[in-house]
Amino acid sequence: MALTKEQIAQRIAKELQDGYYVNLGIGIPTLVANYIPNGINVTLQSENGLLGMGPFPYEGEEDPDLINAGKQTVTTIPGSVFFDSAMSFGMIRAGKVDLTVLGAMEVSETGDIANWKIPGKMVKGMGGAMDLVAAAKNIIVAMMHTNPKGESKLLPQCTLPLTGVKCIRKIVTDLAVIDITEDGFKLIERAPGVSADEIRSKTVGTLIVDGDIPEMIF
Amino acid sequence: MALTKEQIAQRIAKELQDGYYVNLGIGIPTLVANYIPNGINVTLQSENGLLGMGPFPYEGEEDPDLINAGKQTVTTIPGSVFFDSAMSFGMIRAGKVDLTVLGAMEVSETGDIANWKIPGKMVKGMGGAMDLVAAAKNIIVAMMHTNPKGESKLLPQCTLPLTGVKCIRKIVTDLAVIDITEDGFKLIERAPGVSADEIRSKTVGTLIVDGDIPEMIF
Amino acid sequence: MNKVFKNADEAVKDIADGATIMMGGFGLCGIPENCIAALVKKDVKNITCISNNAGVDDFGIGLMLKNRQLKKMIASYVGENGEFERQLLSGELDVELIPQGTLATRCMAAGYGMPAVFTLAGVGTEVAAGKEVRNFNGRDYLLEMAFDSDFAIVKAWKGDKAGNLIYKETARNFNPMMAMAGKITIAEVEELVEPGELDPNIIHTPGIYVHRIFKGTGYEKRIENRTVRKRG
Amino acid sequence: MNKVFKNADEAVKDIADGATIMMGGFGLCGIPENCIAALVKKDVKNITCISNNAGVDDFGIGLMLKNRQLKKMIASYVGENGEFERQLLSGELDVELIPQGTLATRCMAAGYGMPAVFTLAGVGTEVAAGKEVRNFNGRDYLLEMAFDSDFAIVKAWKGDKAGNLIYKETARNFNPMMAMAGKITIAEVEELVEPGELDPNIIHTPGIYVHRIFKGTGYEKRIENRTVRKRG
């Protein structure tokens, strides 16, 4: 059965390691914060200028001067620190952020990503996405495997305007965990009850299926 | 009579204007701080990271964490601010410092300056001088008119390795105030009792003497 | 020299039609509410605005849009604004979308006296069109130019009469770099104190960058996306 | 992940012969006294040191010079050090003198993920030899490369166990940029506190840049140029 968005986030959270500094994009990526494994210390970076992002505030405790990059009210935790936008993107470009998780409209088998613009539709802007994908050490895409029309969002080449080239390493969808290798998409794990054949049928582009592919365990 | 070093500083202090941010080099330039005209507000920048430099501390009140670019113990004043070296030179390069006063070994009639290196002698380094001369909006050189051998320090071209090119606008020596113009050195004021002829005789390079040159008034 | 102005109207008095203005803030957080109101009142036109976002329909820079004061918007994200969309589609408004880090860094470059910077962001995308690409140590970078802005308008939490500023929490965002980058920098602050009342060790923007300062009033601090959790 | 080390000896344990080390401080102000002592004790050799100054004969980086541990010194000013002069003249020590602002900016570039920066400093001088000159808006700039340093060793006033740092007064100097620039950054602090004890709004170096932190002891804080005025 296909994963829920919560489960996609939960699966991605298993990639977290102790001491990681992590930037989580808007949407499914934000949910990853709810599944940080016990016993490890992960610090969340918000590119508007906060390291050590805490949970949403209790009602009545919202502080308009304290928001995340999604403009949501948030809180600090012990050890939090504020800084300006130049330093924030400086630390991203300098490779200090260990992992970035973000959504996508399309990902190509060479690791290109498109997630900011649809020709003919109003363009809202790339925000920090182009900086993040260009510079983060390690990027995981969290997305549904297919678009609302049922078409694969994994493609030989992106058709939409690019956000970044050759930058994505791993994709977690509602159907599969897929690594991007030199030879194309490589199936790593299947959603429980979803067959490799089903995943192949919903993936346009080279999908390497090497031996038995394990199911995800939650 | 030739000016004392204190008098050179005193003359330079007349160039200060209300609201100026000023960087004073080591030696005679440092003395300028003692002659800031009454009624105007001048803020001293020290390139090691201090804006709003106060006087030397009273004995027993020295703070090893609070020094100027000459590594002398100093104090703060109300409105002082500390910052790092990158921001300090950033504000210099961005033209935020209104006036820099520094010493020199040689100045050319096109505004080149040499003040950091003598071939054959141990080189101590340029410190912040190259940044200051390259980037300050307005630079005044404070120096003796001749070197200990009696040779002019004002020259058609510098003979020593340069600190900066075409950057000096004004020179105040023990004998004269000289502007650097497109046509060369231009005599603006004479030290009390020093004739234009004497200044000309001690200056190698074009010296424009246009009409009667006033004496400095203290 | 007195940097203290009476209010926003006085501080923006000489901003003329056609000016380029940097405006601090991220979304509606840390925006110069008083100066925006004064600019709307003054009805200055043909403004080029450099700001991360364009506000919402009825707040922030959105108020200037509604009043048709903007000729061009340079921003990284302009969602949440219907009037913006309308003016863009009708051709009344020119827009240049640039990556958020590039926006921050081009401000910073101006403040640090760097004419241009190299950045990874946008390589291989349409953002790179017409720009110089240069390889350093095996990676491609875009050459991006420092901004040149007539005015920078920033919002700080506390300021002193020498122009020293302290921002609060994430309301800092673009404000410090813009403060450094403006030819004329105007700061509005929630609290204006005497020089010496702020600890010199914790000032974010040294007063040398700030030409005008005034105590703002009536801050609404609207929250764009109020998100809360239930009490356990 | 624990960033807290017991002392300087533990913090510098893996610094090997031939390493490149950035060292914070301006003159003897804000230098990592504990780590310098530990490096002397460890007797690591052939070090390339990036630091604004080289200490004095018997203090600061001068102690490493005396112990002949340095292969190369990259600095802006190296006066006040007789041993330095001797080693330089004898060819034991290589030295690269660069403008102070260029030194700061090359550290900053590394910390901000910029491969290179353009600066006005040194144009037309011997510092420009072999470097690319480029004209922007009618002025010439030199292209200067970001530093690449194995370690950065900095000294802060207060730090917390998450690595957040606050410097004191002009002891800040090069420390923040170097902290951002090192592949491994080691911070020694006068006071080490729990996360949450430092105000998140006034931290100079966010902990993300700091890999190791320890509480230093026995700071001498020698004054290089004690200058006082008489009491009126």
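Going in written order, the chains are labelled A, B, C and D, and every chain counts its residues from 1.
One rule holds in what follows: a residue touches a chain if its C-beta (ideal position, glycine included) is under 8 Å from a C-beta of that chain, and two chains touch if they have at least 3 such contacts.
It should be emphasised that the depicted structure is a prediction, and the values quoted were computed from it without experimental measurement.
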| item | value |
| --- | --- |
| Where chain B and chain C overlap in contact partners, by chain label | D |
| Maximum centroid distance from chain D, chain identifier (CA atoms) | A |
| Intercentroid distance (Cα basis), chain D paired with chain C, Å | 33 |
| Averaged-CA centre spacing for the pair chain D and chain A, given as whole angstrom | 36 |
| Cα-centroid distance, chain B relative to chain D, in whole angstrom | 29 |
| Chain A and chain B, separation of their C-alpha mean positions in angstrom | 56 |
| Interface hub residues of chain B, defined as touching at least two other chains | 76, 82-83, 86, 90, 92-93, 135 |
| Residue numbers of chain D (touch at least two other chains) | 105, 112-114, 119-120, 168-169, 200-201 |
| Each pair of chains that touches, named by its two labels | A-C, A-D, B-C, B-D, C-D |
| Complex contact set, residues of chain D against chain B | 26-30, 52, 75-79, 85, 88-89, 97-105, 107-108, 119-127, 157, 168-177, 204, 221-231 |
| Footprint of chain D on chain B - complex, ascending | 46-50, 55-59, 61-74, 76, 82-86, 88-90, 92-93, 112, 122-131, 134-135, 161-166 |
| Chain B - residues contacting chain C, complex | 18-19, 21, 41, 43, 45, 51-52, 76-83, 86-87, 90-97, 135 |
| Chain D - residues contacting chain A, complex | 1, 110-114, 160-162, 164, 180, 194-197, 200-201, 203, 206-209 |
| Residues of chain C that touch chain D when the two form their complex | 105, 112-120, 136-137, 139, 141, 145, 166-169, 200-202 |
